[in-house]
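The data blocks that follow each hold one structure.
You will see two complexes here that share chain A, one where it goes with chain B and one where it goes with chain C.
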Partner chain A sequence: MEFVSPEGLRLDGRRPKELRKLRIKLGSLDGTDGSAFVQLGNTKVLAAVFGPRGAPTGARSSAISCVIAVSAISVQGDRRSKERLGRQATEFSRALTNAMEQLVPADILKNACIDVHVQVLQADGGLFAACANAALLALANAGVPLRDICAACHTGLLESTALVDLSAQESMQQAPQAAILYECRTQSIAIMQTDNKMSTTALEELLELATEGCIALVTAMRQALISSTVQQLSTSAPHASAAQRRD
Partner chain B sequence: MLSLASGSVFDSADLVAVAASSFDQTSGGAPETPVVCVGDTIATDGQEGFLRGHGTQIVDGELVATVSGAVERINKLVSVRTLKSRYTAELGDVLVGRVREISGKRWKVDINGRQEAVLQLSAVNLPGGIQRRRTAEDELNMRSVFQEGDLISTEVQSFFADGSVALHTRSTKYGKLKGGQLVTVACSLIRRQKQHFIPLESLGVDVILGCNGLVWVTPHVAGAPAAAADQTSEPDTDVEPSVSAKQRAAVCRTANALRALGALGISITPATIEDTCKASIDAGVQLHAMLEGPFLEVIISQETQRRQRQ
Partner chain C sequence: MSDQVVCPGDRLVSAAEYSAGHGTHVRDGYVCASLVGVKQVTKTGGQKPLVEVIRRGSQPLVPKPGAAVTAKVTKVNPRLASAEILCIGTKPVDQPFNGIIRVQDVRATEVDKVEMYSSFRPGDIVRAEVLSLGDSRSYYLSTAKNELGVVYAKSVAGQPMVAISWQEMQCPQTKATEKRKVAKVTA
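Take a look at the complex of A and B:
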């Protein structure tokens, strides 16, 4: 099978270094402290944050918890493929929890806990990158302080061409793949997840591409956060005359 | 411009976006508040030294935002104010909270903050209003004052060393709340003002604007300003005061006005509450229709006009 045509186009018509279309919507869930909907191509995930709030009696081991749930409607295929995805999600949510513990300053989590819930609505490649992005946007939307702005991106080396943001079809191949969560300010990798055998040069190539992808995603995420803040600022602007009328 | 009148479904993010796009047309040459995102560097070039405020951190001598929000500068202090976050207590704030549990000599109260607040047994008025030391017997009878699940109005008394909040209800205006309706809005919409117990006689309701975003609405009682259950009188009987259908409608209208303002992200002041309720009465809007598109558009246009006048 040919993943990159002689014209340099992938199966879905993208260039090798082209991300899928990203759509972000912040704060659409009522009753949560913060929420984010992220759509990356056909992958759709919804994240919600509850907290920081008073920790329940009987302190838990970790003050921050992140749970990724793969909904039954999100994947095609038989029960076993869904279960496999569910197991992978559990594994990745542990990694994401660890990364978040590093990101959120310790004083915020004193006597408090934060619960992050990510629901996968539609799975189509780059799933965990989308989950991580949604979870971090939801935390930022909830006004939880974060040490750095991060983004996650998935890459793969197919037919010796490095491709960014693999689609489901591309990521099903037994080819070197790497996904990272990248901290943009400190320029460090918080999580790295690799699949299949690869040489160190392949890994280097993939990490470089994934970093570029993360920087592009952060730009879009930053824009979404800023525009949501500006909107809230403009609706709640104080109106002097209203206050004067009362006094 | 987007219209809310069409049949499509809107969530809270859409509503804020629609309201913001309408207000932006009015603001014209208003000075822009600088807005930063997580991880942005805050410019401190023109300043001779700076103090790190909330929502910031210092990385390699640079001031970096840890939250998204508006930059506020007070003399040397630079901080970032978030528009959507949990309530951060300040001394003397009037709050509405819910009792979560009783442990030892204190009640744990959920005030919608980052931690549960503490209400000490010594910080409440005893039934009957007697002034004396709290005995072991009082400790056993704590449930006769506040039970788990009770809604109370209270005030921030002090902070503990670890940053958690101590509350008190040592005034007749504070105490258990009953016979009304609770509305929860974002705490950034309620600004600190002279009065938080507000009698709105024209609407026939009393409102307690909790700084933590919890608002309590009750039928208006003549004389006492939005008095909570009077602790100096008889011990609690747990009987809800009787409320007529007309009073219920008034409470409901005010509560729905608060919900509508909260959904659109408009600041909540006595004036905006009154204006919204009056607009709904003038337009003959039914109570249940107050949270629907057409009336929300009325509120937006009213608010737009108010800002244009300024």
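Take a look at the complex of A and C:
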């Protein structure tokens, strides 16, 4: 199969370094403390944040928990492929929980817990990148203090061309793939997940491309957060008085 | 307006010239935002100006050291009283946080003579202050101030009692007195 045509177009008509269309909707779920809907191409995920609230009695290993659930309607294919995706989701939830613990200041998490639930509505490649982005946006929407905004991006090396934001068709190939969660301010990688055999040069190429992708995504995510805040400011009454917001 | 809206991680100002307020943190010598909201600089007399990030709408409610809380006593033993934090300041929390009033934090004077059963009973509503973030299970609370202590308690007969001194409350029905660490509530 040819993944990049001689004209330099991918199967879905994108350029190799072109992200899919990103759509972000914040605070769409009522009854949660914060929520975010992220659509990256045909991948759709919904994240909700509950908390910070009092920690339940009985020791807990971690004060922040992130659960990624892949719904049965989200993927085509047989039961086995759905189960595999579910296992991968569990693995990635752990990594994401770890990354979030670093991101939220310790004094918030001391005796309180935050639950982040991510539901995959439609899976079409770049699934975990979309989940991570949605989870972070939901945390920011909930007003949980964060050290930085990060973004996640998925890349792959198909037919020795580095492609950003793989679609499901592209990510099904046995080709080198890397997904990262990137912290822009510290310019560090919080999570890296690689698939299939690759050389170090291939990894370097993929990481560079993924970093570029993350920076582009962070810009879009910041824009979404800022515009939702501006919208909130313009629709509701002028500034709350100092007394109201202090406590 | 939109240029004042900041995102988590944004560098706001130098930490040497400004002090970090609500919704910010200091990193690498800069005051950085930790919330999405509007940046606001308040001038304080003499000291460094205060930088804050103000958020609209709901805000996460977590007890902080020094905060005044309202708690309901759940268990009492000779060393400590367990309580559920129901309100932080004037705002009720969705789900109660666990708190502990240790015997040494009940009152400010004669600390070694405090008897836990003569200070609190299960079911009492207590005004307290958050001492520290405590251990991983509960916040440490203190009632070692005149205005802190039991504000509402029911007698054995089930009647809400009236405070008659800072150590005693009386049941209006049976006239029996019970011992409590009573809060001096100022009108």
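By definition in this document, the second predicted complex is superposed on the first by the 236 of 247 C-alpha atoms of A that agree within 3 Å, B and C clash if a C-alpha of one lies under 4 Å from a C-alpha of the other, contacts with A are read in each partner's own complex, and residues count from 1 in each chain.
Simple rule for what comes next: contacts are C-beta pairs under 8 Å (C-beta built on N, C-alpha and C of every residue); 3 or more make two chains touch, one makes a residue touch a chain.
Note that the coordinates shown come from a computational prediction; the quantities given were computed from them, not determined experimentally.
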item	value
Chain A as common anchor, with chain B and chain C clashing or fitting	clash
First (chain B), second (chain C), both or neither touched by A:Ala168	neither
Touching partner for A:Ala142 - first (chain B), second (chain C), both, neither	both
Touched partner set for A:Leu22, first chain B, second chain C, both or neither	neither
Partner chain in contact with A:Gln231 - chain B first, chain C second, else both or neither	first
Larger contact residue set on chain A - chain B or chain C	B
Common interface residues of chain A - those touching chain B in one complex and chain C in the other	33, 51-55, 57, 105, 107-108, 110-112, 140-149, 184-185, 222, 225-226, 228-230, 232-234, 236, 239-240, 245-247
Interface residues, chain B side, partner chain A - complex	11-14, 16-17, 19-20, 23-24, 27, 33, 35-40, 55, 57, 59, 64, 66-70, 82-86, 100-101, 103, 108, 110, 113-116, 162-164, 188-189, 191, 193-194, 264-267, 269-272, 306-307, 309-310
Residues of chain C defined as touching chain A within the complex	1-2, 5-9, 22-23, 25, 27, 32, 34-38, 54-64, 67, 84-85, 88-91, 93-98, 133-134, 136-139
Contact set on chain A toward chain C in their complex	33, 51-55, 57, 59, 105, 107-108, 110-112, 140-149, 184-185, 222, 225-230, 232-234, 236, 239-240, 245-247
Chain A residues within the chain B interface of the complex	25-30, 33-34, 51-55, 57, 105, 107-108, 110-112, 140-149, 184-185, 222, 225-226, 228-243, 245-247
